[in-house]
Amino acid sequence: MKTTSRSAFNPLKEIQLRVWHLVPFMVTLALAFLAVSILLLLFGVNPIVAFQAMWDGAFGSQNTTAETLVKATPILFVAIGITIAFRGGVVNIGGEGQMIAGALAGVAITLAIGESIGFFVVPIALLTGFFAGGIYGAIAGVLKAYFDVNEILSTIMMNQIMVQLMNFLLNGILLDPEAGVLNNIPKTARISEVAQLPRLSVVFGSFQLFDRTRLHWGFVIAVVLAIIVYVLLWHTTIGYRIRAVGLNIRASRYAGIPVERQIVLSMFLAGGFAGLAGVVQVLGLNYRLQTDGSPTGFTGNAGFNGIVAALFGYLNPVGAIFSSVFFGGLLIGAQQMQRELGVPASMITAINGLIVIFVVSSQIFVKIARRRQMTDALPEAEPILETSVEDGMTT
Amino acid sequence: MIAEIFTASLFASTIRLATPYLFATLGETIGQRSGVLNLGLDGMMLMGAFFAFWVAYLTGSLILALIVAILLGALMGLVMAFISVTMQAEQGISGIGVYLFGLGMSQLLFQKFIGTPRTIDGFPKIAIPVLSDIPVFGEIFFNQNFLVYLAFALVPIVWFVLQRTNFGLMIRAVGQNPEAADAMGISVARVRYTTLILGGILASIAGASLSTALINTFQQNLTGGMGFIAVALVYFGGWRPTGALIGSLLFSFVNALQLQISVVGVGIPAEFAVMSPYIITLIALIFASKRRDKPDALTKPFQRGGA
Amino acid sequence: MLHKRARLLLTAMLVLFAMSFMTVSAQDDGVFRVAAVAPSATTDLAFSQSMYDALLSIQAEMGEENFEFVFQDGTFVVDDAAVALRDWASSGEYDLIIAHGSQFGSILEELAPEFPEVSFAWGTDVNTFGLDNVFAYTAAAEEGGFINGAMAGLLTKSNVIGVVGPIEVGDAAAYINGFVEGAASTNPEAEVNVVYIQSFSDVPLATEAAQTHIANGADILTGTAQMVVGPIAVAQENGVLWFGTQASQAEISGEVGVMFQVYHWEVVLSDIIALIGEGTMGGESYVLTLENGGLVMDFGQAVLP
């Protein structure tokens, strides 16, 4: 919280600060693209063509832009949750497992309710998914707060446990009754029409936006929630307490904040949003829950990517919106590169890794810039992943 | 039934399976003790696994493969140190970036230079004379391959270095309170670079142990997330080498056990069997010793003059 | 933050002024174009490789100037496959789009009705969703499984046989069930132990499963899916015989390889291509069998000199 600079709002200084952030970021991005180009050249791929394909794939048409946003949606949900967790001082690596938990609960209740209450099944399903993910996250929270079990460890374990549980349920009681004798990948029945989140498109005369794409209202829900959580974290008492515990547990305790309960709450919220990511994928995109047999089950790594997106967004939910879209574009665009140029999937993974490394290494320039801007030195508390105090930016 | 399940080979499997976890966890412990989290461990393991396999496949020499793995590991550790210490990048994310890069690169190189999966003759079992003739125990402990022995030998070595040498003292100081260490004249950067290089070497050997000793082949994503489990095991082991040993053994034991149970045919649904190592580890954690040496400066980049 | 806002603005502009993608209809130049997406690597010695090899052999047969294909491998994330399939479908450039993986079925259910002028194929399944532009294909893996099992029953000396399976679904389950039946038919005394490791790709776990089988007395091993590389190595190390499926593992299994059930999808593909040429876009389902030449038993070095 920039308590002092908030009272002296200087637009010129603000712009200067933003531009300062821009320059090193651009330089690093350029370096990243250079490194990627070298990699591409080594394998006989023309980098210019490759990057063109990547951009085309991400934002080149309405369809691809829609796919980017679709990819970004679960990442954003998870990122929101991770932001809360990190701000609250807990490192939640359990996004994958919590997402699955939310999806399982959500699809179960949706199938159970069926069409009996019309579209009211949607909010019920969303809430159920949120609570399921939240409870799963809260378990890790309780283990940390009351049993001193490190949450990184517990959440990694719990991810694997939930994947297996999903395999078990999808092959068992949740299995699609219409799945043929030639049994396929474990999946549930299709949810009814009323439960499906509508596709998001605008058709006005001859003007159309995202028509015939897979973009759905889940994205809008995510963006709205991001803004709400931002307000929650920085403009409410609950948010204050969460952040206080994240910054300094001891001081918070002296201040009378019930630290253990806050930790559980933070994990609950984090898990809840990851759970939402899961149930929204089911209601908005796939209309059923199915797994592909891989360790990431049905999440497609969104739980993982959400963590990176949260950190790229400087642990601010609104920033996470942009970083999630960026990430979505990166992933979708890279696949286009793969399709158009025959670049193997493994190179795409390596490229993703390179970009992440470069972008995250560029933070040092930002830090140096910030240090010069700070006129008053703020006390160095106990950041979890080196999020300095001034990161509570007011966009 | 009990005798059918708890056979000597079950324990021998445990020892063998624990080897890659042990190497990786020990390496990560050293790094984390100095305050740096390396989440890219799995990626480093994959690179080590691929290069060791490739060299062994091309030259037939396992020793050469190991040497190459060590050199590669040092290089990777160096890069990680540059990213985390000099560039002070967010250690959680930079680790994930390294993981992705290692995962993709190892597979890419494999596809390009080897193509279809192949097998090699890996490190053979070496029966320690006399000791391996002891009934039951001989088979379990003294009839394993070279890398297994190396991994277990490293446990007391790492303990010794950490607890009884000057360097170990510096590592612990830097991890606990880098400002104070810096004030005492210890170069925080140099210590962290060293620990990360050591960690990289051990990670690479961990991967090599998979591709040239345990499995004797390479496939995409050979490790399947082992590196992340290893990071978790560091926490489980309380940042101590003996803890790493216990954690690795426990995890592998339950893994070997669930396989044995599946083969022998006790009627547990397969999904629960596969779940069991994770559940057991979790439960064990709750009751584990509270004594923890968590380095206070873990994941915080150090900047002289106050970060 | 300014630069992020700028990006959003730029993106919004692009979106607003986005041109609709080129609507090139499937090119009438006599070249048959295929696009395929598969969940694992083309070198996996199993599922994905079988389709890739099939496409290559069709290309060899029809000639490169008449047949082109693109193959997106490693796409196990269903969503990403959906992106690819939609991209190909809407480009209008492809005569046949293949979704090689039973997890992709639900995508086609949605997608195919939107693009009735494009022909789709998917496997392994028989369900064409009642759509007339969708073909389905699968393999009667239990047939080769039975043969392998019968042979294994005859060859085993210890009367213990080990099976390493992935997840109990689809053609993996079919193969293994066939194998177990086959072994029972020639050797009712033999104990066939089946372990499903719950993953298609976890090589270390598969390896350990194989080791466990051997420790429990197995002198013959079999398995399916791309993680079998590990068990094959274990088999070689211990001189244990190996039976395989989906692709020929003769080379990698060396001296211990006995028999492999090889999928020849090209049998199905040439039929589909011919039908499309005549104007039938779908509605047929195919099963590879030993009878129609879709399944062929290949022999390893343990049998051939």
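First chain written, first letter: the chains are A, B and C, and each begins at residue 1.
The definition used in the following text is that contacts are C-beta pairs under 8 Å (C-beta built on N, C-alpha and C of every residue); 3 or more make two chains touch, one makes a residue touch a chain.
What you see is a predicted model, and the numbers here were worked out from it, not measured in a lab.
A.B. asks: If you take the mean of the Cα atoms for each chain, which one ends up farthest from chain A?
C.D. replies: When every chain centre is compared against chain A, the largest gap points to C.
A.B. asks: When contacts are scored as defined above, which chain pair ends up with more C-beta pairs, A-C or B-C?
C.D. replies: So, comparing the two chain pairs, more contacts are at A-C.
A.B. asks: Please compute the C-alpha centroid of chain A, do the same for chain B, then give the distance between them in whole Å.
C.D. replies: 29
A.B. asks: Compute the distance, rounded to whole Å, between the mean C-alpha positions of chain B and chain C.
C.D. replies: 34
A.B. asks: At least two other chains touched by the same residue of chain C: list those residues.
C.D. replies: Each of 41, 74, 168, 198-199, 201-202 in chain C touches at least two other chains.
A.B. asks: Can you tell me which residues of chain A touch two or more of the remaining chains?
C.D. replies: Correct list: 164, 167, 171, 295, 344, 346.
A.B. asks: Could you list which residues of chain B touch at least two other chains?
C.D. replies: If we look for residues of chain B contacting two or more partner chains, we find 107, 111, 220, 224, 271, 274.
A.B. asks: Report the residues of chain B in contact with chain C in the complex, numbered from low to high.
C.D. replies: Within the complex, chain B contacts chain C at residues 7, 9-10, 12-13, 16-17, 20, 107, 111, 115-119, 121-122, 210, 214-217, 219-224, 226, 255-256, 259-260, 262-265, 270-271, 274.
A.B. asks: Would you mind writing out the residues of chain C in touch with chain B in their complex?
C.D. replies: Interface residues on the chain C side: 40-41, 43-45, 74, 162, 168, 193, 195-199, 201-205, 207-209, 211-213, 215-216, 226-227, 229-230, 232-234, 236-237, 251-252, 254.
A.B. asks: For the complex, which residues does chain A have touching chain C?
C.D. replies: The contact residues of chain A facing chain C are 15, 18-19, 21-22, 25-26, 59-65, 67, 70-71, 164, 167, 171, 180, 182-187, 190, 209, 212, 214, 285-288, 290-296, 298, 300-301, 319, 322, 325-326, 331-332, 335-336, 338-339, 342, 344-346, 393, 395.
A.B. asks: For the complex, which residues does chain C have touching chain A?
C.D. replies: So the residues of chain C in touch with chain A come to 1-4, 7-8, 11, 14-16, 18-21, 39, 41, 70, 72-80, 82-84, 86-88, 90, 101-103, 105-106, 110, 114, 124-127, 138, 166-170, 173-174, 198-202.
A.B. asks: Across the complex, what residues on chain A touch chain B?
C.D. replies: Residues in contact with chain B: 43, 91, 143, 147-150, 152-154, 156-158, 160-161, 164-165, 167-168, 171, 295, 304, 307-308, 311-312, 344, 346-357, 360-361, 363-364, 367, 377, 380, 383-386, 388.
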